[in-house]
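Chain naming follows the written order as A, B, C, D and E, and within any one chain the residues start at number 1.
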Amino acid sequence: MAPILDIKNLYKSYGATEILKDINVAIEPGDFLVLVGPSGCGKSTLLNCIAGLEPITGGAVHINGKNMTDVSPKDRDIAMVFQSYALYPTMSVAKNITFGMKVRGVDAATQAAKLAEVAAQLQIEPLLNRRPGQLSGGQRQRVAMGRALVRDPALFLFDEPLSNLDAKLRVEMRTEIKKLHHNLGASMVYVTHDQIEAMTLATKIVVMKGGVIQQIGTPAEIYNTPANLFVADFMGSPAMNLIPASVRRDGAFHRIEIQRDSAEPLVLADQRPLNLPDNVIMGLRPEDIAEAGFRAGAEVQEANCLIDMVEPAGADTYVVSQLGGKQVTARLHAETSARAGQAMNLAFDLAKVSYFAPETGERLN
Amino acid sequence: MTDATIQTARSPRKTSSRTGRIVLRTLLYVFLIAFALFYLMPLFVMLTTSLKSLDEIRTGSLIALPRDITFEAWKTAWSGACSGIRCEGLRPYLLNSLMIAIPGVALSTLFGAMNGYVFAQWKFRGANLLFSLLLFGCFIPFQVVLLPMARVLGILNMAGTIPGLIFVHTVYGLGFTTLFFRNYYVTIPMELVRAAKIDGAGFFRIFWSIFLPLSLPIIVVTVIWQFTQIWNDFLFGVSFSQAGTQPVTVALNNIVNSTTGVKEYNVDMAAAILAALPTLLVYVVAGKYFIRGLTAGSVKG
Amino acid sequence: MTKWLERQVPKMVLAPTFAAILLFVYGFIGWTAWVSLTKSKLMPRYEIEGFQQYTKLFDTPRWDTAMNNLFIFGALFIVISMVLGLLLAIFLDQKIRTEGVIRTIYLYPMALSMIVTGTAWKWILNPGLGVQAMVQGWGFETFTFDWLINPDYAIYTIVLAGVWQSSGFVMALFLAGLRSVDGEIIKAAQVDGIPTPRIYTAIIIPSMAPIFLSAFIVLSHLAIKSFDLVIALTGGGPGYATDLPATYMYAMAFSRGNIGQAASSAMIMMAVVFAIVVPYLYSELRAKHD
Amino acid sequence: EPKAEVLHWWTSGSEAKSVAVLQEEFAERGGTWTDMPVAGGGGDAAMTALRARVLSGNAPTAVQLKGPAIQEWYEEGVLADISDVAEEQGWADVLPDQLAAHMKCDGEWCAAPVNVHRVNWLWGNAEILEQNGIEMPTTWEEFNAAADKLKAAGITPLAHGGQSWQDATVFETVVLAQGADFYQSALVDLDPEALSSDTMVKVFDEMRTLRGYVDDNFSGRDWNLATAMVMNGEAAFQIMGDWAKGEFLAAGKEPGKDFLCAATPGHGYLYNVDSFAMFDVSGDEDKVEGQNILAELIVGPSFQETFNLNKGSIPVRNDVSLDKFDSCAIKSSEDMQADAADGSLLPSYAHGMALRGEAAGAITDVVTAHFNSDMSSEDAVKMLSEAVANVM
Amino acid sequence: MAPILDIKNLYKSYGATEILKDINVAIEPGDFLVLVGPSGCGKSTLLNCIAGLEPITGGAVHINGKNMTDVSPKDRDIAMVFQSYALYPTMSVAKNITFGMKVRGVDAATQAAKLAEVAAQLQIEPLLNRRPGQLSGGQRQRVAMGRALVRDPALFLFDEPLSNLDAKLRVEMRTEIKKLHHNLGASMVYVTHDQIEAMTLATKIVVMKGGVIQQIGTPAEIYNTPANLFVADFMGSPAMNLIPASVRRDGAFHRIEIQRDSAEPLVLADQRPLNLPDNVIMGLRPEDIAEAGFRAGAEVQEANCLIDMVEPAGADTYVVSQLGGKQVTARLHAETSARAGQAMNLAFDLAKVSYFAPETGERLN
């Protein structure tokens, strides 16, 4: 099957500043592609280029097998939902949703039918006569979605559609989008800088930084085997612990030595067949450091660490310890007995460790 | 015990700060009212004068309160005062002014809105330069343009006509109206245009269906500004009109400014207030939205 | 092709305005520049004669007075209108109960044409009729307020009436500005223990810089174009003590029948405008690039 | 059907009534009159409008114009020739030569005169003068003496207003008192010698003296408020053209009884002739016809009588009966004839009859600057010669 | 020890609308009180009343043992940090921090010393000469904090200080505030509508709704034993599952019956000594529904459920199942084998269940 969206060697500059550099991405029908990256990295710009809202400087955009590089937005067979929702403030919800059809000259009966269908799907029937100003954030979000849905497009584009909602609503709407994707089987490109959103929604994630793609992969790939330090640090919350360590080869395995202020260095042994340089950055996620006894596995090693701080967070408790000059966070059970200022045994799951070169930041294993 | 001492220690300070606040508040009101009186003073003089008889004005102090109130002057100003050989008061000229001001305001507002829309949301290369050229145009002294404009109006066959006056006012109002609308529209997120583009709407459709309905506050500001400018204009009115198309300011001037005739100050003043009524009305009715409209964006750079 | 057309729409919308401005502003400025080099009298003539009109202009004491007056009037008018406008705006912002009424009172002078208001002002300022007579009538025999008839002070009466007419509008601008300052900043300052006057002087006013700029532009536009005000109030007198470039130009062009001279004075006036407006535009447009 | 669009600045009630007479007569002849009044600044605004109208190729048919301005407009080539009417009506026979000269451009008739205003009138409050035992003065010395006396009695001797044309009006009467020849060479011929002469210094000295007789509040005062001062007994004299009579009459005062009129000290007659110039509308037959009828009517005896009765001035024609006119008007007419004979009938510079706008303006600038400051007479004379040299 | 802040029967109205109703809260020195509640519930208003920025309609506010009800803000010995940071836009960072001291007439040397101390503490030394406009969100946040810190107040007030930051920065700043509180031992009142923030920071939480306090308690109390349906639903993310159920008494224990669309009802047995009515809402948090075999305990009961949706979220995977007409979320391990559309055994930890009366919403156990 031809890719539904195929971006080839796309470049984009504003005047002299290059915003996007050699972007190559393709997605299959039904894919849910999430673009993540820090603020200003060019996510919105890329989305606008796909939509045809910004002319591109080089490369090509194919949608549904057709070269759309020079086609105007309305003919690209796309729909887009914006961060601010961009609802037409003076029109009622119903008119907001049907405006596009009206412009395209769809007859009134079809408009009404489509409107009814979408309104039912999104459960916004009671709101149809209100103005956007009279809606709550979540309701606005749904209306914006409705405006996209009535188009039946080949491709949906979302630019941070949830970032204006509060945490609670965000979680709810996330679930709804997921369901929608599931039900429609539509293809979507979705921008966010919230990595939880990225992880839960995506079938494919693109991590960007400064207009350059850092890694493309499934959520699990991105999460478990980040391609470089930037991706490792960026994805996951709390962030992956990135601990400077020195390596000593010891026969078949590596001894990983981590300096500590107060006590002798922490030494862990990695028995996987690797080839590491003398200095590495060791990456280990909080959930891979557990309370001793609560994690089992061939590669789990325990060590006694001084706990600096305890942060209960309802479902879990996070504890922080100073290792290799960094604050290392571990995720423990909510009922843990950890106390700030006391030492305790932590279990490190070395099977999950990522290693990075300190100079280039590239992944080593 | 401690509680009590704290209470007594605190209470005098409390009351002193409270009386202090009352004194301050009173001073504030006194100041505001004093200035209100300052602003009202000329209007007061005009009103009292308009209610006096001419005899009283000749013999009494110009600024004193009227001894006998008479509305004769108002009647004369409305329908009897002479401006040339027609002694029909201001009435017919008010109509001229309305016929100039209403389309003039409407056109310059519409063009200003369109221009502002382009400058704010459809930037292209050189738009900034164009905008500054336009802004600079606000500052050209009108005396300068009088003669060449007369020539142009002659060529366009609009000399002495109301359309000609509308045209002139529209042209020289464009600078400010564009400025107002542009500064307002830049505060509207770009995404609105983008959403509409994806919906398939074009330039005019977006303007008409989305931006125009949003523009009420700034339309109020622009209308107030332009209406005041056009209504009170004398120079263009006198230069580009002919018999039958003269606006009210010219009539007012004719009533007030005769060189060698007898001066009827009471009629002058009544006429002046009558001539200003439409603008005053606009201010009173729309004044509230004026501040709101300004707050909504037109004053922010 | 249609796509090309589509892209040109914004430019086409601007085109009529642009054409109008090009002709009716810049074309006319060019025309004036041309005429200023001729010996046009009653009606414009187009034979270029050189710069004599400018030489003559700078030799005329009346023009000196007019330029001096422009600077005195302009500076005072702008400064006083701004200070007063700001003060009134601040005071009106103190949750005044009758704000609507007072605001309208402050604003209404903009609505009146000076043609007649000038007469009222003339009476008020006339020592024998107006304020001076009134105050003396209350028993303060030594009170004098005779600026109107004093050639050295008459220009200040123009300032007074100008301020009367425009300060309300400036007040509205500043009031709008005050209303758009983030309320949390004021709360923060209150908690920080900063007295209310200090909050205004140190925090709010400095943050309203763009509004000062807007007010400045509107006021200088009014100052430069002030014409009705002078004609109605003093007619340029006593003598020509209150002449401004605009009235000078008008007198030359229309009562003296010396259009060449009027054109040269217009050009000088426009040079002054240019010197004021261009820096503003520059800062305005540069700010947009941030 | 004859048509006329008439641009004028006679807009106040009494003036308008006078013009309305003309309109009625015009209508009787089947014409359509379109009125285009523009008041303000002694015709400045009207001139502004006129220029715009001419430039736009839409000139009015007839325009209130006077003095050398007629010739100036003629030089721009926009005036019509009405010699046919003038000759047919025999204007040359009924108009005094000197006044007729103003109506001719290059030997052709191009304007029709309406009236003659005398400018150099001295108005006095009869009651006050009687109380203080003062006669209407005939020399400036007498005037000064009378003024000193009045001043001592706590009466403002001279009512004066605060516009530059009023200063100029007083100034020209003082110049006239130095003799008709001096007036002619100084203010008509702009003879540099006369302008810088000692006599001119004397004129400015007298102006300074007069300034002392004016109350402090004159600045910005309208002329009619000054007249009101005389009427109300606040001031004794006013120097003003005969339109001031209209104010007296409107207030129900009687000449000779309540107020007195006399020529200003010295000998001579300064006239201000209102006239209509006809603009070139040759493309339009109706308008040309209207122009001709209008010209004929304006100079016609019936209009001359009615108009001037209303306006306070006197007819230009010397064959109109003055029976219905008041004593001041009759005196004006008599003086005119007498002074025309001895060469002291002179055009008023202050009212734009003697000089073109630029020169007149330059002189007025100096006069008003001197009057409104404490400039010395010598400096004023120096400034005057420079200003006049500058515009020559 | 006297409470540092004691609010007694506080009422606050704007005109006729009552915004705060009978608020009673007291905190001890060193407490970290967090106010949570949905938007518009009156949190900011309460904070403003404490600060003296809004006059109160009834009741009293005592700070440090003194009745401050009528005292002006600057004399209340408090410092406040705002959501928008409210930095003085025209002053440099240094001036922003010292301006209050300057106005209070503190001498220059003391000012400089204080500034240096606070700048070091917050690590903003390199920023001291910049304007607020030249700072990133996180940096602004620190400056706002600095301005509060130099005052050494008896009480800190924070109004949603983190809500303008992006998710990642929010987590970082949260940790810093926590540390600050720890180091200073200061008393704080902190407004947020993010319950994760509330849970991690607070020593005491006040949950508000519509101007009325719903519950006051430690984070654990609020999380584990919510006082009513509102609190149960509001606190925790993903939210507590609230499942309508009918109850049948069966000797010593209760049989809890939950309707299902597709299968026979789910029946669970609660053996705790309770006294439940016939109809209840059963509340159970996602982390208390686990994959069968992964949770042990006396009250854990397993049941076979149809999985509607699977949401991997990096560290965990959430699965959703339809129970009692509600979408019930369970938190499983990241490596779970759950698939959407398939049934699996889930373990319900009944020891953690809360019961609520369906009519009043009040807690029953």
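Quick note on the criterion: a residue touches a chain if its C-beta (ideal position, glycine included) is under 8 Å from a C-beta of that chain, and two chains touch if they have at least 3 such contacts.
Composition by chain, UniProt nomenclature: A, E = sn-glycerol-3-phosphate ABC transporter ATP-binding protein UgpC; B = Carbohydrate ABC transporter permease; C = Sugar ABC transporter permease.
What you are looking at is a predicted structure, and each value in this text was computed from that prediction instead of being measured.
A.B. asks: Starting at chain B, what is the smallest number of hops through touching chains needed to reach chain D?
C.D. replies: Step count on the best path from chain B to chain D: 1.
A.B. asks: Please give the pair of chains with the highest number of C-beta contact pairs.
C.D. replies: Counting C-beta pairs in contact for each chain pair, the top pair is B-C.
A.B. asks: Go ahead and note the Å separation of the Cα centroids belonging to chain D and chain E.
C.D. replies: About 91 Å, centre to centre.
A.B. asks: How many angstrom lie between the CA centroids of chain A and chain B, rounded to a whole number?
C.D. replies: 54
A.B. asks: Going through chain A residue by residue, note those that touch at least 2 other chains and give them in order.
C.D. replies: 72
A.B. asks: Could you say which residues in chain C touch two or more other chains, in rising order?
C.D. replies: Residues 6, 44, 129, 250, 253 of chain C each touch two or more of the other chains.
A.B. asks: Mark out which residues of chain B touch at least two other chains, giving numbers and ranges.
C.D. replies: Expected reply: 146-147, 149, 235, 253, 256-257.
A.B. asks: Please give the residue numbers of chain D that touch chain C in the complex, ascending.
C.D. replies: It comes out as residues 41-42, 44-45, 47-48, 51, 54-55, 69, 72-73, 75-76, 162-164, 215-221, 356-358, 361, 365, 368-369, 371-373, 383, 390.
A.B. asks: Over in the complex, which chain B residues touch chain A? Could you list them?
C.D. replies: Those residues of chain B that touch chain A are 189, 191-192, 194-201, 205, 209-210, 213-214.
A.B. asks: Can you tell me which positions in chain A touch chain E when the two form their complex?
C.D. replies: 39, 166-168, 171, 175, 178-179, 182, 193-196, 199-200, 219-220, 223, 234-239, 285-287, 309, 311-315, 318, 320, 331, 334
A.B. asks: So in the complex, which bits of chain E are touching chain C?
C.D. replies: Residues in contact with chain C: 48, 51, 53, 72-75, 78-80, 82-84, 86-91, 99-100, 103-104, 147, 151, 157, 159.
A.B. asks: Which residues of chain B touch chain C in the complex?
C.D. replies: The contact residues of chain B facing chain C are 28-29, 31-33, 35-36, 38-43, 45-46, 49, 61-63, 111, 114-115, 118, 122, 124, 128, 130-149, 152, 171-172, 174-175, 178, 202-204, 228, 231-232, 234-235, 249, 252-253, 256-257, 265, 268-269, 271-272, 275-276, 279-280, 282-284, 287-288, 290-291, 294-295, 299-301.
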